[in-house]
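What follows is a set of structures for review.
Next, two complexes with chain A in common: one pairs it with chain B, the other with chain C.
After this line comes the complex of A and B, so read on.
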């Protein structure tokens, strides 16, 4: 019997991240993991999250994997890249938030610089979700990392100009985020492109919901985005990213469940997003990272 | 929607003059302007006044293809002029047009097969243009049947229900709209539909032409129109088109949807 294979008219843009050992994400001309249709030159990648301060609220089941490295972002990043085989490192500048340590942009810049010295995998840098402070810190750090071709985030509809300008002048790509709203996602990408930003330097984040906490909303919006992108909508034909670790480990189940519940929660959430078209999954637990890398390998085979 | 730019037509004075004087710059500027306005193909018609239409067609096609490889819609009623045009097209051409007259169908579907061309089929025959949708559908059916008979995929056929000027043939507009909607049922996959849009406002006062065109286009899009021969350089017309397609959910909404369409 003849198999019906969908032929898409367009492709997802290919974004290159990193300078020493650059990786490519995106470039799909079909849907991931559909036998016969999957013409995806670049497999989904796993980034591991590193903080510039001790993430005290993390459950012990997660903290125990990193030990003392939690107090030293450079060691932590090295551990993730070397021992846990992270494809990318995602540095969260949590300490710069006015409600945490309110560290200065110079201190943040130093961390970025030191991490870049010791890792060869590409770096993602995200702020502390304090918009005003982020603008100051991220613009500074983008300049510190000039030439390293990082991925910076997170641009939102109300706050994208400073970050986009900084990325533009320092040669980085950008994460554009809309809160589970495909129309705003498209609008934001247009606004960013209006600043002479190239469409193939944008990675979309639709917000991430963990399993049991809104996963299906993000999942279906990611599917719609990918289908629109493959059907020729240039303003939605970008690769997508999910911050799975932070969401999975925030759940009641991960925090209070049995020893492995958090790992399972993170793995299950990430697996779902792989199937909805995620190109980068940011994760926390080394065991969950290992499982997801195996899953990608199995699904591609 | 598949857009065929109408401007390179000897009915327009600037084009007629350029053909006569062999002024390449005028034609090439018109071609590039239409391409930049998102035309998917360009109609090429030497016009009624040309003394040697075959030579004029060859010159037009070659002149256009010096600056763009876009698909061309060879627009002529003369078989030899059609053959000349089709023979030198670099990209997949469009035959504009055939009607439901047996001899015409035999000749032009044969040419479509030979040149791997798409073809615009007018729902008219020797007896003229039917006055209602039923008559048009009958001819549309004939066109679809012949198309299959000559080994051409029905999806390469664009049915044109032939809109007449509203100032002299007012009852036709609603019949054309019905034909556009109903012709989707003639085959699976459905034949495509096309309109030579500007004809609807032919003869109306200059200040209303564009308004009539864009209003009718929006109505036709609501009835499922797939393609149109139109003035892609008319910004308000294009804005209406983009908006009508948006309302038909052909593209995802965002506040800058006009800009998004033009970025495609």
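After this line comes the complex of A and C, so read on.
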């Protein structure tokens, strides 16, 4: 029997990130990894997470891969880019949170600047999830990174204006996040675009759930988003990102299980998201990163 | 138990209450009506009063601001006296006059609320009335009976019934009660065998309701009543000439026990709750009838029929039927098709033998007011697909044509009646009903062109549309920063001052804040989703709808363009929308004048299917998509897309 191959009327927008060695994500005209339909010019990419402070809560199984680099974000970023072949670096400015070190925007800006000096792969910068402080820090950092074509996050329905304005004036792309709600995701994209932001500078995040911790919900919302985008909904036709590392390593299994459990958990979660249409997967453990890069390769072949 | 004297200012009415009784209850006892929408649960924050003298215990409430607290503001429902007290009821907490609106100036107050009698007479309703053959609920016929002789020796009652049948060949079965027969021998002989018989249409049979001496066939009157959750409206109708002789409206005093039907059903479960609710509505209906007949110099005996249209809960409360099971699964009312009864049985004061009919209900959440509305709109008579929207608290939507009808209740909330908004009021004198922004200036137009007191439903629709068009708010309803308008922070939400205190009638700024806008977005989203779900269930498209009938409280003053702009109404040509005003009373009147219309109403109720939105799988998803201005999917609103220039 002849196989029915779905023809989609639209394509996912293509977002370019980075200045020295820019990469493209998105641009799909079909569903990933479905034989015959997977017209995906840009394969999914793996970003590795770097903190601007020692992530003390990380389990030993994860910490041991980075050693002393955990205390030096620049070294850590270099390690990820050079040794672990991360496609992108995702800098989390955790130290700026008022409940951690409450570091100033100037200090955060310095870290961004120094990392940009030593890496050639594109940079993602996200805040500390303290809305008011983030607005201050991210606006400053966006300006520091002007011209570097980074991906900044995270814009939410209740807090998007400052970040969007900063990205707009410094030429960065933006991550727009909605709490597993396709309507809110679309509404937020509309609000950002109504600020004269280009649609092809937006990457969607639907809140990531780890395996066993809500993965299915995110998975199906991502599928719906992708199908809507391919069917012509311009406000949902953006590439998607998942923060798999932080979620996988937060699970009880990863924290208390056998040595390899965390890596397996992260790998399994990331593999699922690849299939749901993720374009960037942010990960933590080098071993899991390696596995996922192999998987992308295999799936493509 | 210790008693305290509570005096309410400025009316200077006093009452003695026990320790532990709250001030809202005390006010009710003095028949001072303090605005509240939660029935005294301390939730709505509407019953603010100012303590002038005396000691009291009050529960803290986030509804009272720090500044208000310093001025002595408390929530009446959460405050109990510890000594004699003097309480000032501020203007904004007054429910307004409950007296009947006899004077012309007072009648104007409801001008924005209800279509004037003349308009109803001239417009569609007249056309509708013509469709149905004249045949009122009760008819009076003058009879000259042949005098009995030895040869013509049938009994008095048989003689009377025989004569009626001779005149009305269509009547098959006719009945007469014992009390009438008892009166008959004397009455016939004293009147010289010339009597007027009132025949009533009672549940498909004909009954001799009343026999009077002489010719009184031209003295036959009826009353059509709309029992709304918020307002009660009555028309006095000459059943012979079919003319409306007068109309009167009054607030539904049940509002004192809760603003929506659910809180009233709950109140009915309290001790004597059902009785209180029943008396509240009956007293109002009786007062309305009384004042209507006095105006045209009639007596209660001249009124032989009353027809009421109300939602299912209102109908239950009118008849003093416990509505408890309406809100319990599987949501079954005591009665949908209420038989015609004697008005006196329900406590409605007209001719003691007069009849009371209720428009049939469809189910627990779609009632006789909607059946009346469909009847008045005539949508059940035409081939084209029509949509009927009742912009009230329940927000019922009906889709269909002469073949089929489908309805749902969207629970839109009290927004369109000014409820749940910081500066919201009902459509009364001084309510802002239209607003425009030109050259950065906000211009408000009020009902009666008086200094503004607050914003009513149609005003709120206009405001949101104007704010959106002028990019003062974004499509999620958030107020953007700008320096032109008076924008400030208010308890964590931004608000815009529309009218400054010095220009208002209440000496307070009239504002709209982000929470108000959010409330309206939820209400309009519910109605729009109701429309969408009905269309989807019927497998039809928006463009298939040829007529949209809008009924309810804000109908006459509603700006269609604004309503489309905010996504309340579907984006269809403006000429397809028809305002009908209060269709509930119009439909009731039609049924009062024609038994054929009543049959049509029953057909409508039988034909209409009810769709429970809570069981619809697509409702929640569609609803969250509708919580945006005008909608998450702008392609559904092409004309608005052009105006807003958005994606």
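As a working rule, the second predicted complex is superposed on the first by the 301 of 301 C-alpha atoms of A that agree within 3 Å, B and C clash if a C-alpha of one lies under 4 Å from a C-alpha of the other, contacts with A are read in each partner's own complex, and residues count from 1 in each chain.
We adopt the following convention: contacts are C-beta pairs under 8 Å (C-beta built on N, C-alpha and C of every residue); 3 or more make two chains touch, one makes a residue touch a chain.
This structure is a prediction, so every number in the text was calculated from the model and none was measured.
S.K.: Taking chain A as the common reference for superposition, should the pair chain B and chain C be classed as clashing or as fitting?
M.R.: clash
S.K.: If you stack the two complexes on chain A, which partner ends up touching A:34: first (chain B), second (chain C), both, or neither?
M.R.: Touch status of A:34: no partner.
S.K.: For A:183, using the defined touch cut-off, is the partner it touches chain B, chain C, both, or neither? Pick first, second, both or neither.
M.R.: both
S.K.: Where does A:193 make contact in the superposed view: on chain B (first), on chain C (second), on both, or on neither?
M.R.: In the superposition, A:193 contacts both chain B and chain C.
S.K.: Contacts for A:228 in the overlay, against chain B (first) and chain C (second): which applies, first, second, both or neither?
M.R.: first
S.K.: On the A-aligned overlay, A:168 touches which partner chain: chain B = first, chain C = second, or both, or neither?
M.R.: Neither partner.
S.K.: Given 543-551, 561-569, 579-587 or 597-605, which part of chain C has C-alpha atoms clashing with chain B after the fit on chain A?
M.R.: After superposing on chain A, the stretch of chain C hitting chain B is 543-551.
S.K.: Common interface residues of chain A with chain B and chain C?
M.R.: Common to the two interfaces on chain A: residues 182-184, 186-187, 190-191, 193-194, 233-235.
S.K.: How about chain A: which of its residues touch chain B in the complex?
M.R.: 182-184, 186-187, 190-191, 193-194, 224, 228, 232-236
S.K.: Which bits of chain A are touching chain C when the two form their complex?
M.R.: Those residues of chain A that touch chain C are 157, 181-184, 186-187, 190-191, 193-194, 199, 233-235.
S.K.: Show which residues of chain C lie in contact with chain A when the two form their complex.
M.R.: 474-476, 621, 624-625, 627-628, 632-634, 646-647
S.K.: For a test of understanding, state which residues of chain B touch chain A in their complex under the given definition.
M.R.: 251-256, 259-260, 263-264
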